[in-house]
């Protein structure tokens, strides 16, 4: 048997122990970076209103200079001041709407995933499908016309628009975990529905929920802005980053800062937040991470890749390259 | 060929340290081509961890030192929990087909499909999956535990790797299948493949192993050629492990274990009666009621009238699998009936895939699609456990065949186990935790395990934890589905002792014991022999184990005892 | 020590007089899932019809509830009450809503979607004209979206936490967070106006976009910008767990090509949420890419809807509602089928 | 920078040939070619290419003869004789008095609701008749000195006799271009009518394309996909003006921008409150903010620079102290009021926000309510108390008759004053132009002091053209004769 010779030649020590700390350190910086990136918009949102000061006089719209270091916006207000003021509603309304959507979608989706009664699932999910089929814009238009909801109403509305979507994703993400023997065992223990559903099934699909919620939050921001333009919720000229991006876009080539700065803040918020949660989940299940050190594989494995040369050289199909 | 030239894998002074604890400590072993190296040892002694090292897999966050050398990048692996390596979203045959594809690349394109299929079929038959092709079209969850294991075994056999790590490759198999698998493994080894066998099944080890390495607490306590280790064990631990089986072949392990345990010892209380033989009942124990299905059975069906109401009664249970909204079904269990009195034990044995788990799951409320009745104290139990009251849930507890899959991988063991007491018995959290801790300690799980997540426990440890979780409910009917398959003889004896103690302390506890290990069923009051969903024989343990009547039972008993049995009444 | 010991003496199924058991079981095992699926499908299709009806009814109610009607919209900035009344009479809007709806439904049962209030042309022509460009855009986008979204998701998940992952995630998230409109304007400015590589809009090409593939590049890019992020993030989330699972490690260990392992063994476990998201995306692509249609002057269904709502052209809105309802039902059904297929154990729980 | 420049009418001698593509915001798939139905600028531009009216408005909104060669009233100003010029429809038939009567009767059909119906209301069409093939005599219901304005009304196009609605899908008009093809919501192609009475157009072909989004129109123009883009944003104009890529044409005084106060209800039933509001507005800030500077400030009167405009009234300025004082006098301190707005027109929501802030300085709390743009005009006609209002260019007389008389159909300020109505009648019965101007002056003074329209500005209408385009009029407000007049345009 010639195998050993190869083995001998490639004999290689696992040697140096690789510890968890190094992994943690590796996982730490993106988390920090995410937090840092998100911190800028968050701090601005939090502290901005405190240092915004009084509104100065308006000047012409979309101008630069004249004491406005980020220029003026579409109605001649100071962009910097609008930015200082505009984070709070973004963060509050969007977060509230997303949280609300999830607060309803998660139990709904989990209930649909966990039930064994087909009728219950249809009862929970099919009406939502009806909502899905109606363009959200039409819904918002209607509400804009019939009611005149304030910020809270807006959060509700935007949440409503997002529920069917989120519930479907929750359901899809949870359905595999919901059928695991572990769930049967939990039921056997008489575990409460919430602990089973949220504590186990939800926990298993947490990464998917986080990914969806993180992206959804950004979508919600702009939905709020669209709604504002249609007269729902915040005023159409409100100090709100998403509204600013939306309303100042006509001046993009005259006074780009009025669009670019709030857009960047939103990008930072979304990117930073998502990266942070990525890193957090990474650390959370650190013990499910890849093993510390892959097994030292014989060098021969790399010969495998030679087979790809076949395609370059137009070798006949039956070149000898079977695994063994 | 020198010994060195034969070595296909070598582990040298491997030390795996997790959280400051050396799980494997200085283990060295060699796997030679055409030979089987068996790694034996107590549950939790580090076998799986060592075996995984050959695959280059280590526990996360582990500190690893030592050398592992394998001559080939392909290593066959039959893991301890076969379900875990079967992709839930793909059909059972997906990986098999892909492995076969890689092996037929040299053929002209037209011939590949056929050649690949041929290889798969061959691997299936070698892995003793008769109905293989049909099973491969199912999803993993639609296979029984033993079938899953054989699919994974077929993968390893198909792979044709020169090194195979087989972690308990036969635990889920009935004696008949096991013998064939062992035979198959022998022929595989003869083709020059090196096998690292990690097993608790000393019969298999004895039959297969060329070298034996005995582990204890992560250290090698003894190693050497098989004959030497088996016949002249040097270490007390080895002796302990191999000794009791000699002669008795483990047949009365339970009884022996129970003998030392408590006053209510098996021999008297659990002495099986043979209704057919008309032996007088002892000490008024009426035993378990006995009814058989429609299968021709020369035995009289019923015993004398039973005075007490059985705690659990199953009448004409016909279980099938089906999807939603359709009447089309696959019957997997037909007309099973049994009566279980308080304090009694009934064992279900049979081929792998014969419906034992399905029976247990029907009782536990985990399988709803059946006809027939399941009565608890004469009251029908709701089909789904979701509709059962906490009292009903507590009364009927089921210990899962796949212990690993039945735990929440995110929570620590103690937290999970203790919930049973909190939810089903209304215990205060602190009391529940204390009680759970005690029970876990009793089954051999120490402090370091209590606060670990399930992923950090060995297969046997999880099995024991699952048992503790069910016991904590103080059930009246405890259904144990192969709970000793992952345990070494010593630990197994300990578990049986524990069970015995519970049986004696809780006179109303009745046991449904599902197993392939006939040596553990001797103490049962009644045995149910299942084949392909039919109850082929049902009767007192003693009678069935010594004088089985049905040809299938005969074969089963013969296969597990290795001795020929005279067929009573035949 | 071979199988000969137990050999033929084992009570096989035949010996038990149950010869038919094994074959019949397998035969049925194969047909059962198909039958189940069919009945599940049948139920869902029936429900789908009900859902579409509900959508149409709801949309009708919504449009009726909107302030103003076609007459008011037609009158525009000359809202002379007498004129509005005249238009109303002319269009038959003075009849009760229920009656108009019933008429429309009756027509629908004969395959007639009615005529537009605003122009008097058949609603079917509106749908037919708008559907072409919409379908083209949607198809192109999906064809690119699936490999891009899945590929990026898998790439990020492969080494979760690595620089590549962070880069992919950051880039897709950043693009997602830029509003479509701004992105469109930027792309047009760069590729059409500065570099002159591509036409800035599809103005003047009418419905015949396929003949000028260059005009589709930028719209499709803008359409891709957001779904790529949402899908790749979902795929990434699922893939991280899937790639770490024992079954994927087993497949890798057994020498399957990396791509095969990733895409055929790991991906199916990560795909269900992404499939839902994809269904939503296709729904969105087919029902309302208003911004892109406006920005690139592509007269698709989104534009038709916007105009019809603005004109309170109820028959057209209802015609669209039928289309949207059917699309949504079909897509949801498709996504649910995929989800069922990918989580086969779901639904058998007790 | 307008007026002069290479694209002005003085850009060298016209060149014949070429195809011009013009992008307009359109009406989507519901567009029709019926000239009497049109509502939008795109409709008007298309109709203008295919058809003619008897008269059209000049830059100062005075009526200019078109198909009518001349018009003569009788002494009482209630019978007008119109002489038609020699013109033919595209199919070669001459334009006759019968065609005129047919067209007007179609517009005035009581069962229909064509746009110009209200404008033609003064004509007694039953009594009017064709005197000869080229002479029509209109009998009016009352004296109407400004009757030519009626002939120039929006949508009063002349179509051939007996044209049915179905025929209008393939229009036959007398306009400078002949019909080629039409795809609703997408494009409309027309070609030169060599037999046009006003001289054949220079262009071979003209295509109207629809692009509802402003940036799409700009991009198409910049990318050379169209040569003419109608209705651009002021910011776009600023971005490209003088950069040499495209020409920006500002059509001054095209849209009156105002807030309309309902004078019949609290708090605006008190003239002091109305005056206070006049004084609250900082018009410069509004023009700079809401119109991005593209416009002129207003003086609470419609029609700056048009015929009869009372330009002698002093320009009003913001005077918060006096406003506060007036409010106090009227007992309207801490006034809370809702301002209706909607994205229906450019600058509306912006103006509302700015005015809200201005009013706050005078102690008035304004709540901005944004309504549906589709029903806005009808919603504000009777509802609310204060709203944003806008009007396109039209003669001052039309503005008064449509919006400020007791029986006006769109009286958004609820301005009901018998004496004011009488003044209007007086003007209409006054044959002498000077005298008439004096009456208009009195009416406007009244509106200036206590009217309901707070006219804060006049927006430019901005058009972008490719540098190859010449002959685009720079001084014609939207909807006037020279606006979108492609027969005078040529490509260099």
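Order as written gives the chain letters A, B, C and D; numbering starts at 1 within each chain.
One rule holds for everything that comes next: a contact is a pair of C-beta atoms (placed from the backbone, for glycine too) under 8 Å apart; a residue touches a chain by one contact, two chains touch by 3 or more.
Just so you know, these numbers come straight off a predicted model, no measurement behind them.
Remark: among chain pairs C-D and A-D, C-D carries the greater number of C-beta contacts. Between chain A and chain B the centroid-to-centroid distance comes to 43 Å (mean Cα coordinates, whole Å).
Spacing of chain B relative to chain C, judged by their CA centroids, is 47 angstrom.
Touching two or more other chains at once are residues 215, 371-372 of chain D.
Shared interface positions of chain C, defined as residues touching 2 or more other chains, are 43, 66-67, 185, 189, 255, 269, 309, 342-343, 345, 347-348, 350.
In chain A, the positions touching at least two other chains are 116, 118, 141, 145, 176, 179-180, 184, 187, 253, 288-290, 323. Here the chains touching each other pair up as A-B, A-C, A-D, B-C, C-D. Remark: chain D residues 214-215, 233, 235-236, 238-239, 285, 288-290, 292-293, 342-343, 349-350, 353-354, 357, 368-372 touch chain A in the complex. Chain A contributes residues 1, 3-4, 6-8, 10-15, 17-20, 23, 116, 118, 176, 179-182, 184-192, 199-200, 203-204, 286-298, 300-301, 317-324 to its touches with chain B in the complex.
Put simply, chain D touches chain C in their complex at residues 21, 23, 27-32, 39, 110-113, 115, 117-118, 183-187, 207, 209-213, 215-216, 219-220, 222-223, 225-226, 371-375, 377-379, 381, 390-391, 409-410.
Chain contact summary for the complex, chain B toward chain A: residues 1, 4-8, 10, 14, 17, 33, 53-74, 88-89, 102-109, 141, 160, 162, 192, 324-325, 364, 366, 368, 384-386, 390, 393-394, 397-398, 400, 402, 405-410, 419-420, 423-424, 453, 455-456, 466, 469-470, 473. Within the complex formed with chain D, the residues of chain C that make contact are 66-68, 71-84, 86-87, 89-90, 116, 118-119, 121, 126, 129-130, 185, 188-189, 192-193, 196, 199-201, 203-204, 206-207, 294-297, 299, 303-304, 306-313, 316.
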